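Next come the structures, one after another.
In the two assemblies presented below, subunit A is common to both, partnered first by subunit B and then by subunit C.
Take a look at the complex of A and B:
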């Protein structure tokens, strides 16, 4: 079994081989290569998860030098779980949107679509595994550039504008992040997360030196990653980026890429800065407030949309807010935040793929008034949209309920000081308001798609039978319900992983 | 015996889904509906005579989240009431639904709601209660928007919004109940709240309880979350509005009884700001509901506002936090269920036979449909509180409970408000009867044939309300013997 410790590196290398292969293959073989890479990544992720659950975390060093002079990979159950989730969601959303991929992307470009997907996979998996801030930065940029490519893959005017906006926001974020990293390197002299944490702890405990540069670097890194993942108030690029794209691209961008940045932030807070040092600054409180605002304003923006896809996109802003709220609650809230990362990564692709099918059924009209009755024209897409919506609203027996439950209970674990009590109360208030807003726009959509058609002029198109969509959306739905009914194993893995995280 | 009380739950759910999936025509639909309801009544009746309290664990979601059912006196009373009323309304809806489309869906959602309401009254801990409460809202929403018109959809969304919103406000109370009780929120008479588990002073828990009372009060139309009732009731088909107003609103009552008496215990609430605020809100609701009912011209809307005030009577009894008040509120739950369902069914007959929706169209209707209007008159007298019918006894107990609730000023004020509201009730119901039987124009009216099934179900309800009044001694004894001392 000790061979397993090599697998994280192999996942990355195989992913890169896949990138090279897909870039010159024709579209069919390229797709097969991408699928094979993702399957391998899933299997390796599961093996890593099982191994680390037994053996604890592993430090894996590249090259013959010892850390800090080499590049190091570090992984435990937390990393194992997330690196299983990412390729799984990517594979399923690839299948769910396969039909639209063929329709939306010209044939000579389709192979580069798979190249970009593979690059994103490699980048996120590397971000999850790495223990080196500069490696983190490199893969952050790889992920940025390939997601910009993914945004403009459909190649018409609105898309290019959206991609430009997305790129501007992202590069701004990366720039701030890089500045933060430079300050950290200047202050500590290391790039390896473990060593940086030791030095930072020393600096914080030593009263003679100023910790201002470090506080600034915390802020720069958090704001940079916040902009990239769409934290309030930086979420206005979401509508066009996710909303007018092809199904797989929007699923991957909103379900995985934004989560990749959040995972990197979690690694920075827990591995690089050290949670005890971060608690001495106000960083977590700021993230908490921004998260709570994001939950409410994201939902309000979503309500104001007239197009189903954009509504689903802006609801991501609210969900990202939930995750930041959890991160802001400290170590206890991280369980809820991680659970919500998983929930959202499963729900969003389901919602995007089913809403795009519903749009097809209405004759490619995207406004809400054209969607009346589409739930009957495409029953499976309608049912899947309903399941995703119920989970988002937080209906019991769906994954969304468990994450909301976790948010509330976690915020009440420790309410000994006034700040913590205030945080607990804000958590509840924000959850109540945002759930209500979620209810309005998601269930209204569900009612719309299941209303009978009264206008005789409207002709609904019955979508042709798409096996890949049915299978993958069923798997998504089953996973969402399974997480809602039997969440304990996943919660235990997350708890175990967070214990080992740092 | 263990399996017996899961039968109504599972059977109703299966037959509900069966009706939805297999699109049968009318007679088969009716047969399935009535048989299911009869079996439910049978099972709950048998359960009532089983002495022991039963407990079933379903499964655990996480270590501290378990789903379980438990049967005690409250479950028995509510279970029997719910299944009986559902049977009566189902008999009525056989005839009424002749003129509607998608009957199978209506029956299916009605049965699903029945199953969930039974589950609500049988649930054994606070988490199960909450989960089922949310599903009751989701399952009963299609009943409101059955006609699928624009107004009905809007009303259904409003209902959903208020109920789910209230539910999420209440989640605060539910979770503090789970965290701070010794047994994870299982229902024990007198509560299982443990002060030592609270690290930050009791005020937080009290705020949580108040949130719960307001949030779950949304379901029974308590101020400030009352405004969905008058929108949702008029647009729904009459059997659905009867169920909504008579039974589904009682879901809120069940949850509040469980929260106050079975999880937190009354010591946390008695005499604190929670009780004062709650009492004030309830008194506002009673006056608001009765006054606004006077101003309505749409018949069903008038009844909806009347429900708002009557349901706050029930909550007022709970809010008194003493034995008299509790007995009174349980009795009033029963009386109000019979009366309000009856009144909405009368509205149903009028809509079905004469397409009458407004109060001022009802001149002389008593000559055309005398049995219906006689039932209406008797039921309105019962609602006003004329002896010997059910609501008289319950109002007696409610007034007594309110007088002895120990709150300064509010004790007398509560009793006065009850009196004023009774007069207002007479003002908004009796003129309808008077105009119906003594029309102003001297036309001669011909007596019409009234649909037999509808009349039968109305008469059953009238007999029921008399029976509750006459046998109220037994019911009070039963409640006092089983619960009485444990409350305080």
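Take a look at the complex of A and C:
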């Protein structure tokens, strides 16, 4: 079984080989290569997860020198779980949006689409596994560049402008993130997360040295990654970036890419800074407040949308807010945050793929008033949208309910100080308000798509049956319901992973 | 104040970063935004390079300096990081420029606000 420790590196290398191959293959072979890479990544992720659940954390060193003189990969159950989730969601999104990919992207460009998907897969998996802050930065940029490519793949004027705006936000975020990393390197002299954490702990325990530069670097890294992942108030690019894209691209960008940045932030807080040191600053409180604001304002922005895709896009801002709220609650909240990362990664592709099918059924009209009755014209898409919406709202027996339940119980685990009590109260208040707002816009949509058509002039188009969409959306739905009914195995893995993380 | 002058490299680097960051954030002209991006990156690379520089030591290049004594040389790691960073910023600049060219060909302006105004106009007409 010991060969398993090589698999994280192999995942990255095989991904890169896939990137090279897809870039000069034709449409069909390129797609097969991308699917094979994702399948391999899923199998390797599962093997890594099983191995690390038995053996604990593994430090894997690249090259003959020992860390900190070499680049190191460090992984445990937490990384194993996430690196299984990412290719799984990507593969299912690829199948769910396959029909739209053929329709929206010209044939000679389609192989580039798979190249970009593979690049994103490699970048996120590398971000999950790496133990080196500069490697983290490089893959962060790879992920940004490939996401921009994915945003503009349809080559409409609006999409190019959306890609540009997305890129500008990302560049601001990357700049701040890199500056933070440079200050950390200047203060500690290391690039390896493990060694940085030791030095930072010493600096915080030594009363004679100033910890101001480190606090600044914590803030810079958090704001940088916050901007990139769409934390309040930096989420206004979401509508155009996710809302006017082809199905698979929207699903991957909102379900996975933004999560990649959050995972890197979690790694920075727990592996680089050390949670005990971060708790000595106010960083988590700030993230908590911004997360709570994101939950409410993201939902309000979503309610104001007149187009279904944009509403689903802005609901991501609210969900990202939930995750930051969980991170802001500290180690207990991280369980809820991670569970919500998984929930959102499963729900968003389902919502995007089904809403795009509903738009097809309405004759490619995207506004709500044109969607009346589309749930009957495409019953499977309607049912899938309803499942995704119910999960996002937090209905019992769906994954979203469990993550909301975890947020509430986790916030009340420790209320020994007034700050923690206040945080718990704010968590409940924000959850209640956000859930109400979620209910308004998701249930409004569900009611719209299942309303009978009264206007005789409206002609709904019956979509032809797309087997890939049906299979992948069924798998998404089953996973969402399974997580809602039997969440304990995943929660146990997350708990075990977080125990070994910091 | 004295600290600012004695650490002039860091001061200049942070100033450059701030100038670039503000241009990238607030200027509406796309080409100027890209210039701001490059100024911001230069500031960061200056900061990174100044971290590894030790006054009076040699460049860590084998072949020219024959000695293998590490105390003679400056820290080479930041230089390596700067090189990696430059590669990243070159590719980012290239993509930004290509996006700008495409937008200019379509909308005949470099002002981001005007581009979005035109997009909204086109959309309203389309509906």
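The rule we apply is simple: the second predicted complex is superposed on the first by the 502 of 502 C-alpha atoms of A that agree within 3 Å, B and C clash if a C-alpha of one lies under 4 Å from a C-alpha of the other, contacts with A are read in each partner's own complex, and residues count from 1 in each chain.
Criterion: a residue touches a chain if its C-beta (ideal position, glycine included) is under 8 Å from a C-beta of that chain, and two chains touch if they have at least 3 such contacts.
What you see is a predicted model; the values in this text were computed from it and never measured.
Asker: Identify the partner contact of A:432: answer first if only subunit B is touched, second if only subunit C is, both if each is, neither if none is.
Answerer: It touches subunit B, and subunit C stays clear.
Asker: Applying the touch criterion given at the start, work out whether A:488 contacts subunit B, subunit C, both or neither, answering first, second, both or neither.
Answerer: It touches subunit B, and subunit C stays clear.
Asker: Under the stated touch criterion, which partner chain does A:168 make contact with: subunit B (first), subunit C (second), both, or neither?
Answerer: So A:168 only meets subunit C here.
Asker: Should A:447 be classified as contacting the first partner (subunit B), the second (subunit C), both, or neither?
Answerer: The first partner, subunit B, only.
Asker: Of the partners subunit B and subunit C, which touch A:416 in the superposed model: first, second, both, neither?
Answerer: Only subunit B; A:416 stays clear of subunit C.
Asker: Would you tell me which residues of subunit A are touching subunit B in their complex?
Answerer: The touching residues are 393-397, 402, 404-405, 408-409, 412, 414-416, 421, 428, 431-432, 435-436, 439-440, 443-444, 447, 451-452, 485-488, 491.
Asker: Provide the residue numbers of subunit B that touch subunit A in the complex, in ascending order.
Answerer: Within the complex, subunit B contacts subunit A at residues 60-63, 65, 130-131, 134-135, 138, 145, 148, 153, 156-157, 160-161, 164-165, 168-169, 171-172, 175-176, 178-179, 199-200, 204.
Asker: Quick check on the complex: what are the subunit A residues that touch subunit C?
Answerer: Touching subunit C from subunit A are residues 134, 137-138, 141, 144-145, 148-149, 152, 157-158, 160-161, 163-165, 167-168, 171-172, 175-176, 178-179, 182, 185-186, 191.
Asker: Which part of subunit C faces subunit A closely enough to touch in the complex?
Answerer: 17, 20-21, 24-25, 30, 33, 37, 40-41, 44, 47-48, 51, 77-78, 81, 84-85, 88, 91-92, 95-96, 99-100, 102-103, 106-107, 112, 115-116, 119, 122-123
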